[in-house]
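One chain, chain A, appears in both complexes that follow, with chain B as partner in the first and chain C in the second.
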Partner chain A sequence: MDKGPFVCTGCALLCDDIAVELQDNRVTRVDTACRKGVSRMKGCVSPMPCTVDGKTVDENVAIREAARILKEARHPLVFGHGNSTLEAQQKAIELARKLGAHIDDTSSFCQGPLVEAILNNKIPTCTLDEVRHMADVIIFWGADPSHSHPRHLSMYSYFPRGKQRQRGWEEDRTAIIIDVRKSDTAVICGDKLYEIPVGADPDFMNALLNALSNKVPKTPFNMDPKRILELANILKKAEFGVVFAGLGMVYSLDSLDPLFSLMDKLNETSKFHLIPMVGQYNMRGFDHTLFRETGHINRVYFRGEEIEHGPQQSVIELISNDIIDAAMIIGSDPLASLPGPIAKKLAKIPLITIDPCENLTSRRSKVTIPSALSGVECDGTAIRMDGVEVVLKQIIETNKLTDEKIIARIMEEI
Partner chain B sequence: MGFGQFLTEPEFKFIIVTHRDIFQNTAQESSRFSEQYAELSSVIRLDKDDMKKIGVKAGDSVIVKNASGRVVLKAESSILEQPHPGTAFMINGPWANALVAADTGGTGVPAFKNIEAVLSRSKEEKVTSLDELV
Partner chain C sequence: MSNLMGIYQLLPKTNCKKCGKATCMAFAVDLLARKISIEDCPPLKEEKYLSGYEKLKELITPADNVTETGFLVHEDKCIGCGNCVVACPVNVVGDPEGTGSGRAPSNDKVILYIRDGIVRPVNIHECRRFGHNKTLCYACIDTCPTKAIEFV
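Right, the complex of A and B next:
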């Protein structure tokens, strides 16, 4: 067996320094990973059984039934993908194309707009390794990595002594938090917290834009202009700045224009980059793959030879408007993560779940097919939150099929 | 059975902001059906003065509802230093999602972090279970 180090698939940081101990082909101890990563790599306590209509079956039967449901559906949806390898994602896109299906992923209601802007070269970006070695001004905007990406601060963004930042966080780095609350990250990073009202991110961006243009920054929520001018000064002097954009920011922007303007302005006087705080370990990978194949990162309908794309093709609108009549869910739990009224609608159509673990969606699914946990029970590749490709290694043996293999088998049946 | 039984509890308007939590996430990795996952996901954190105004103590059940759904949650006091009247915090999960509207104005992006709801005291109702949600 490979001695490691291994890659953790607990989040899109894809920490690649993980050591494990094994006993009877099980991961019994995980070193270096965060609490969440340890829990991911040790595996869940409720593995998903292989079933059709709640009855245990062998995987051939489940795969045949999944193929039948997808084939008979007029508008099948293939959804999830954030917890699958690039290889499995590629296969899922192939399947959707073959079926003439709708395909979407969690980026549809998550970091999609930012990943799309980066892939279309509308926002400058950089790698986490560059952040570790060079970043001197770090903005966490609507993001709380202490909870969402627990090793972000220690691996890359704040504490490390990088090549050009030998004095680390004590002297060489300034962290700024822009948020609606004093998050745990704000507690760690000290005094540069800019607390703004819910949804006021565009107003704050405009105020900051004014401050950077030496105008008096006004906000509808009366933040002291001096504080905003002080922030603008820090940003102007940055040698290598980076904005880590969280969902708090993304959900507050109806359009990305205020962010584009701010990034442009920041880059007039200094160098500023943006990295989206992607959650699931390979959500960005799916967006890259679909973008390469179709020119769109998500929300695609393979309608014959044509490709339709737009908000109407989003998982939310497709369910809301009663368009889809069957769905295959890969490595995701939409009944837990979608708005309640949408989840209730989804639960009424025939569902196929492919996942290592039981979840809310699998318990309501007509077909469940257990798959190997990537980075533990199978290898593959993935794309980190900053766009860097990372190779995942297999740690333990399993007789479970990979997502990729399951989708390939379903395609053969179809 | 007292007369109070028949009085309607006053309702208070709130904006709920959801956020992530490493402990809930860790519990979820182990099992979506664990007790800890349910306990952490079904707490609503309120401003201390708001709690006095509504008349709830830490650990009391509250009913939170809007046009999208209705859930019974456990009220806890906010752990934030700054006062935040009218804003409440929840860890994101199926309990908070029950209150998120399906209507996205055609954008396909629900308002997960900006949920308008009304909150009232509960008369001995139990916190909504995961089974009741979906």
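Right, the complex of A and C next:
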């Protein structure tokens, strides 16, 4: 067995410097990982049983039943993917193609628009290693990495000494927070907090654009123009700037045009990049894989030979318009994360859950198939939040099947 | 994070001297430094001061794990982000390629490291707050997002 260091799959940072101690094929101690990572690597508190209609069954029976449900459905949906390896995601796309199914992932209501813009080269991006070595101005926009990605600031973006940032955070880096509240990240980043009202991100982008063009920046929420001009000056002088875009920013933009104009303007005078704050460890991986296969990052319907794509193919629209009649959920908990009325509708159709741990969706599923915990019980590859491919290592032995193998077996049955 | 006036406000403020101290303020000073415990104030358990007692119980964590420099980690608050580990000047000097660059410790010269998602002190005599030439270094406190580190 590999001695490490191992990769943590707790979030999309994929920290690759984790040491573990094992006892009786269980992880008993985890070094360097944050709390989120430790709880992921130590395994599920309540592992998911293998069931059909709530009764414990053999894996083969569950797989046969899952295949039957998917085969009989007219509009099956394959959803989730954010907590699976690239190999499993590839297989899930193959399955959806074979079934003529709808396929979507959590990026549909998460960071999808930004990842799409990056893959279509509409926004300049960079890697987290470049951020560590070069970034001097870091903007956290609608993001609170202290909670979503606890090691973000310490490992890459703010505190570490880099090749061109030898004096570290106190002298060499400036962190700016644009948020609707004083988050815990804002507390440690000093006075550079720009507090804006909920949904005012496009207005603030326009004001910043004016300030960068040496005009008086006006905002509907009356922020002191001097402060915005001060911010514009910091941004103009940046040698290597990076914007970490959180869900706060994505949710308040109806279209990405204000962001595109801002990034273009920033890149006229200095160098600015954008990295989306992806949550699940391999959500970006799914977007890359599907983009390579179909030209779209999510919301795809394999209708025979044709591929349909659009907002009407998103998981939310499919459920609220009663289009789908069966769903396979891989490594996700949509009943807990989707809005109440939509979750209720989803709970009424036959569900198949593939996941290592029990969750709300698995408890309401017709078929549950437990899988190996990726990055702990099985290896594979994943794509980090900045688009870099990371190899995951296996830490402990298990007799559970991997997501990839389960999907392959279901395909065989079909 | 506890402060002197905050603690004093929760005490009976009667200067009854039952604890052996001259005033309630003197009691508050010793309580902040963890020299005595809240149980040493007899009137605090009376009914009219009970709300203060409950609040103080949350505020004043027992100093069992406190190091010689007074470094105390509130384990229920620490999220293991490692900001303190990377920002600590002693870690940066002793381990520039490892913790100083945001990675796992690469040698045993570090004084802070993360185990099981919680920061742990080690080699505490190397801390800037230790010994005759000690300085009031705040690197680990200022960088903590959840205020889990305290010097008592």
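Following the convention adopted for this analysis, the second predicted complex is superposed on the first by the 414 of 414 C-alpha atoms of A that agree within 3 Å, B and C clash if a C-alpha of one lies under 4 Å from a C-alpha of the other, contacts with A are read in each partner's own complex, and residues count from 1 in each chain.
By our rule, a residue touches a chain if its C-beta (ideal position, glycine included) is under 8 Å from a C-beta of that chain, and two chains touch if they have at least 3 such contacts.
Owing to the predicted nature of the structure, the values given are computational and were not obtained by experimental measurement.
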| item | value |
| --- | --- |
| Partners on chain A (chain B, chain C) - clash or fit | fit |
| Chain B versus chain C as contact partner of A:Ala343, first or second or both or neither | first |
| Touched partner set for A:Ser314, first chain B, second chain C, both or neither | first |
| First, second, both or neither for A:Met155, with chain B first and chain C second | second |
| Contact breadth on chain A, by residue count: chain C or chain B | B |
| Which of chain B and chain C A:Gly199 touches, first, second, both or neither | first |
| Which of chain B and chain C A:Leu360 touches, first, second, both or neither | first |
| Chain B versus chain C as contact partner of A:Ala19, first or second or both or neither | second |
| First, second, both or neither for A:Asp31, with chain B first and chain C second | second |
| First, second, both or neither for A:Glu171, with chain B first and chain C second | neither |
| Touching partner for A:Arg132 - first (chain B), second (chain C), both, neither | second |
| Chain A as apex of chain B and chain C, Cα-centre angle in degrees (nearest 10) | 60 |
| Minimum C-alpha separation between chain B and chain C after superposing on chain A, in Å | 7 |
| Doubly contacted chain A residues - partners chain C and chain B | 34-36, 38-39, 146-147, 150 |
| Residues of chain A that touch chain B when the two form their complex | 10, 34-36, 38-40, 42, 44-46, 108-109, 144, 146-148, 150, 180-183, 195, 198-199, 247-248, 251-252, 254, 299, 311-312, 314-317, 320, 333, 335-345, 347, 357-360, 364 |
| Residues of chain C defined as touching chain A within the complex | 78-83, 85-87, 92, 96, 100-105, 113-118, 142-146 |
| Of chain B, residues touching chain A in the complex | 15, 17, 19-23, 25-27, 29-34, 68-69, 80-82, 84, 87, 89, 93-94, 97-104, 106-114, 130, 133-134 |
| For the chain A and chain C complex, residues of the former touching the latter | 5, 17-19, 29-39, 132, 146-147, 150-151, 153-156, 159-162, 168-169, 184-185, 187-188 |
